[in-house]
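Two complexes are shown next, each including chain A; its partner changes from chain B in the first to chain C in the second.
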Partner chain A sequence: MIRSSVFWSAVAGRTSQAVLVAVVVGVVSFCMMQALPGDAAYRIAAGRYGYDMMDAASAAIVRIELGLDQPTSVQLLNWLGSLAQLDLGKSAVTGNRVTEELSVQLGHSLLLAGAGVVVSLLIAVPIGVAAGLRPGGIVDRISLGASIVLRAVPAFALGVLLMLALAVHMKLLPVAGFQSPKHLILPALTLGLGLAAVSSRVVRDAVCDAMSAEWRMFSRTKGLSRWQTLRRHVLRNAALPVVAYVGVQLAYVIEGVVIVESIFSWPGIGHALVHAIFGRDVAMVQGTALALGLLYVLLNLLIDLSCQGIDPRRRAIA
Partner chain B sequence: MSHTQILANTPQQRGLNFARLLGLSLLTGLALCAVMGPELIGIDPARQSLMHTLQSPSAAHWLGTDHLGRDMLARLLSGAQLSLSLAALSVFTAAVPGTLMGILASWRGGWTDRILTLFADAVLALPGLLLVLMLAAISPGSWWALYAGLSLTLWVEYFRYTRQRSRVILSEPSVEASRLLGFGAVHIVKRHLLPEIGPGLLTIAAFGAATAVTAVAALGFVSVGIRPPTAEWGVMMTQLLPYWREAPFLILQPVLCLVLTVLALHLSVGVRKPA
Partner chain C sequence: MYHTDNRNPLTLKTLATTIFATILFISHTSIAAEKTTLNISSPWEIASYEPSVAGFAFYRLGVMETLVDATVEGVLIPGLATDWQMSEDGLNWRFSLRQGVSFHDGSQLTAKIAAESLQHALGKPGMLEKAPISAIEADQNSVVITLDRPFAALPSLLTHNTTVIVAPASINEDGSHIAAIGTGPFAVDTFTPPQSVDVKRFDNYWGDKAKLEKVSYLAAGRAETRALLAESGDADLVFSLDPSGYARLAEIDSVDTTAVPIPRVVTLKLNAGHKFLEDPRARRALSLAIDRIGIATAITRFPEASASQLFPPALDQWHNDKLEPLIQDIETAKALLAELGWVVGDDGILSRDGERFSMLLRTFPDRPELPLMAAALQDQWRAIGVELEVSVSSYSEIPAGHKDGSLHVALYARNYGLTPDPIGTVLQDFGPGGGDWGAMNWDNSDVAQSLKNIAATNNQTARNENIAAVVETLHEELPLIPIVWYQQTVSVAKGLQGYVVDPLERSYRLNKISWTAE
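Let's turn to the complex of A and B:
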């Protein structure tokens, strides 16, 4: 019973966050629509009937049909109403339904985000453990310095530097695009290095804490070897803050996906969002921003629940 | 946000150590360059010279020229002016109302608190850069849209920090004593609250400025922020990227400027001592 109440409170919190995401995205996209130059009714009529067939009469019909003659507040409510029915409309550029485009892009973005997190753990865990086992030692100090510098390099600058060094200069990897698994390496490395800059320090702190804990002394006293203590006790306890920290980094992951996809022409949601903003395709902007926002909420929920799953102590607090 | 693991965020952890000194002097140097640099060198960052494109550093052009023969040093300095002033302005616009609303929420409680917290939650529901990107897209390419987007995104951190801290501080016996002695709200905020939360607010401001500088460049880089021909570091990177082979030192210059600025802002908070 206790467990389910904690479970549901996490779900309820994240659900209200999802509603806020939808409202914020809806209102901002509506403002974007209002800020477009020219008369919206003429623009839509031109889209429907073609520029040659469109005149003042057809624009007037469109205006009444879509309620564009109503006050702005009514139009905003209509806009949010159709959003609530998950009617995302059609892309102004390709003419496809936004939901169709999103269903293709979502997989690509998830692949990149997942690969980025995996790369970050592959880098951060060994370095963090090595640094945490000897606090103040040479590995610790070098990795601290590297973290500080790497943290100051924004994702897009890191992407450009890696692209120039590994793809253009040394010709090891393809520059950009999406044809082979090799194309995933550079974007995932860009995302992963940025994440690892901070999470290697989280691993280090967690290992450091676990190494000085009393139960660790006890496990050594009762005769377990250094390696056994490390594997069975220290690493397991250190895993918890690390998983929780992946949740904190999710905002960086989503932001990174937007930027990294744009640099490497990775056909995901972030790339589509930037393209839509550039082309002033409001329906696509709204759809992609909504998808990224909801993805952020959903992944956060998964992290909440997996933290409850790993740590029995969190389930007890209710 | 995610800086807590590397950098000091309380005065006790901080101290005036070497890293902090380095950060503060770097920051001062950059600010001086941004304020006085464009005047001092006196070269128009937009003046093209198609006979002298992609040049190496020389006496006439200290850092070389770009693909249109424009002086790199002049462009970098004018980019510094743009980025730093935009960052400073949006941090200030975010900090003052954010802090005041935080105090108001904890002071009044009840519905005031609930409504302000709802606004904060709405801003926090989306990752920061996504919100800046969308708000800036309402009027693409314009300076003020970027400024408004950044301020609207950044105020939340001040609000949340101030609200949380002042709830504790306002219930302390010393504050109660001040109230009983007849001191008003202004006195309590000035003498009890601000000295306590000031250092924390400065930390948030440093990180907020770093976020702003990064966001301006990131948006410029993906062509949805400041537009060419304005000299902006991200825009410069996009424009110089195709000339990597002929002049590799050119694209590294705006990257280095950006990294140094963010590094200086991060270091100015101080590095946490390894335990």
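Let's turn to the complex of A and C:
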């Protein structure tokens, strides 16, 4: 009873937040695109036809086709009207429906970001736990060093190094592309190593704190073995900050994958957003920003719910 | 309140073993595949099915075809039209259509479909805009194109990828393209815009059927990625290598690298209506200050491609070996500017009537060498006392600045080989009023008349005389200052046979390519 009401109040709160996010994101991204210097019709024509074919005549065709000569207020109201009918419009550059483009690109980005986070957890959790169990020990010191190095190397350089090592020299994996599951491994590893550099330290600190807590001593005193204490109490307590942090990381990664997407030729949303901004493709920018905004809301909801799942006290308080 | 979780934790050892085994498994499954596939990588993304946007890719991959085709030497040959005739007055062109051609969806090519496809293309930005077309109609087995005035280069325009013939099922009721159904030796299999397209052999192709079964195209925007794709063997044909990638691949045994001169020119566009630039002597002085060999050696790394004149040798009818090459001569440049009343100021910058010789150059980063060249020009012009600010932005700022008159100087790469006969492009660039990617506020009635003559006639002697006159005037007056000619750099996997680099960048000619038996 309590659990379901907590669940529904969390969902209702986040849903109203989602509606607000949709309107604010749409209006703000529209205004920002309007504020950019340069003539939108020229930029869109450039995005469509390339520099060999783009000229003033093609910009004039674009201006009439897309109604860019209308007042900005009319253009914004049109977009909001379509949004109310759950229609995000068509991309000014490709002419495809924004929802179609997003379903492909957001899908690829979510896959890559999700895989990146999974890789980072596979690396960070065991290393973080091992380091946290013996602070100042050899694992802790080596992992700190590795973490600093990995964090300092830009994703671009790390990606190229991994390509050289695993794809060109060892021929284990393809260099770039996205057509098969093995194409996912290198970009996910590039992302995952960068993320693990930080999250392994978060795990280490969380485990370290939990290990020195008084309740841990109590559980040992009451007769639980080391392993039982670790599994039942330490990991559960340490999981809270880690889950919250991974949620933030995932959101950050989805929009931060631009570089990884472009070096690995991955058809993701970060890459698409950058192109849409250059091409002054307002509908795509609004649609992408909207999708990212809603994703944030969804992630927050999922983090809330998982933290409630992990921490019984939160359920009781709520 | 809550219950304890008694599931066994997934042990690290199991997980690590599983991942390692998966990597090994998936990396070994594809090794034994037979070689009837080809992977291509280039920097150009394919945004949609629309021929005006992505026709270049569908044409190169052999999905789409045009009425007229061309050899790598630029000689026109039959495509979907078997022959063509111009009427006596030069205003009517009749293209006889090839019979028995099917589209990839099984429908048959008819004159009506071809005419509708071209009418559709005429409404969009593209090559047909450059001809004075008043009507495109079907007549029995022919497509008839009516012109407002004679335009002899019409068949040449019909080789361009914006004039491809598409099946009616490719186009939606609202006129948008929803598929790429053509007549070529390959049909689209899967398309993930903007990154990749896979095509498969079309067995009912009317011409030489392909030996390859499947070709994958991957747009890789970063030059580093493309070089590594070539080196690892993930891509068999890789286009547009950067100088360091090209040098590295030349050392690799598994690939051959080639660089072929193409009719693309890096050039400076000058606003000849600007008070600093209206005198041809000022433009000549700026040209004399440029170290073209230095730029070609250090930036594009093909010193032989420094532009001694506007049109490169790849355009043999327009390149004139007898012209005095454009060279660097700082002293003459300074003297010319002094003649025009410019005096060196305290900061080393020229001034005249209280105005400093300071200008803004617009360029764009899509071709990574352009901003580097802009920086070199900034430095080289400073040596003669000309201050240059550089703005690196969208290339659309160049036609926009041409239109509103605010442009001073622009740096870009112009392709004069969009069609085998460059007259369409040259006419647009140097005809009356100049062009967005050509002369600005520079009008020369002799050049305009000569270009009109070239466009109107098929008589080679008359054309050559007029071309020579145009080329000489452009060399003398310098409405554009050429810097370097381009090279198309390609890496080709060893064992691939039948591949020829197309200097016009029109087609990969995939149906001529196969792998040698091992």
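The rule is simple: the second predicted complex is superposed on the first by the 175 of 318 C-alpha atoms of A that agree within 3 Å, B and C clash if a C-alpha of one lies under 4 Å from a C-alpha of the other, contacts with A are read in each partner's own complex, and residues count from 1 in each chain.
The rule we apply is simple: contacts are C-beta pairs under 8 Å (C-beta built on N, C-alpha and C of every residue); 3 or more make two chains touch, one makes a residue touch a chain.
From a predicted model like this one, the values you see are computed outputs, not experimental measurements.
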item: Partner chain(s) touched by A:A57 [first = chain B, second = chain C, both, neither]; value: second
item: Chain B versus chain C as contact partner of A:C208, first or second or both or neither; value: first
item: Contacts of A:Y252 with chain B and chain C, given as first, second, both or neither; value: first
item: Chain B versus chain C as contact partner of A:L164, first or second or both or neither; value: both
item: First (chain B), second (chain C), both or neither touched by A:N237; value: neither
item: Which superposed partner A:S262 touches (first chain B, second chain C, both, neither); value: both
item: Partner chain in contact with A:F278 - chain B first, chain C second, else both or neither; value: both
item: Doubly contacted residues of chain A, that is, touched by chain B and again by chain C; value: 160, 164, 168, 262-263, 278
item: Touching residues on chain A, where the partner in the complex is chain B; value: 16-18, 20-21, 23-25, 28-29, 31-32, 35, 135-136, 140-141, 144, 147-149, 151-157, 160-161, 164, 168, 198, 201-202, 205, 208, 245, 248-252, 254-255, 258-259, 262-263, 273-274, 277-278, 280, 285, 289, 292-293, 296-297
item: Of chain A, residues touching chain C in the complex; value: 38-39, 42-43, 45-59, 61, 93-96, 101, 104, 122, 126, 160, 163-164, 167-168, 171-182, 185, 231-232, 262-267, 272, 275, 278, 312, 316
item: Complex contact set, residues of chain B against chain A; value: 1-3, 5-7, 19, 121-123, 125-131, 133-135, 137-140, 210, 214, 217-218, 221-224, 234, 237, 241, 244-245, 248, 251, 255, 258-259, 262-263, 266-267, 271, 274-275
item: Residue ranges of chain C in contact with chain A within the complex; value: 1-2, 4, 9, 12, 15, 19, 23, 26-27, 30, 41, 44, 47-48, 50, 52-53, 56, 124-127, 129, 162, 176-177, 192-196, 198, 216, 218-222, 224-225, 228-229, 231-235, 364, 366, 393-397, 399-400, 402-403, 412-413, 415, 418, 435-437
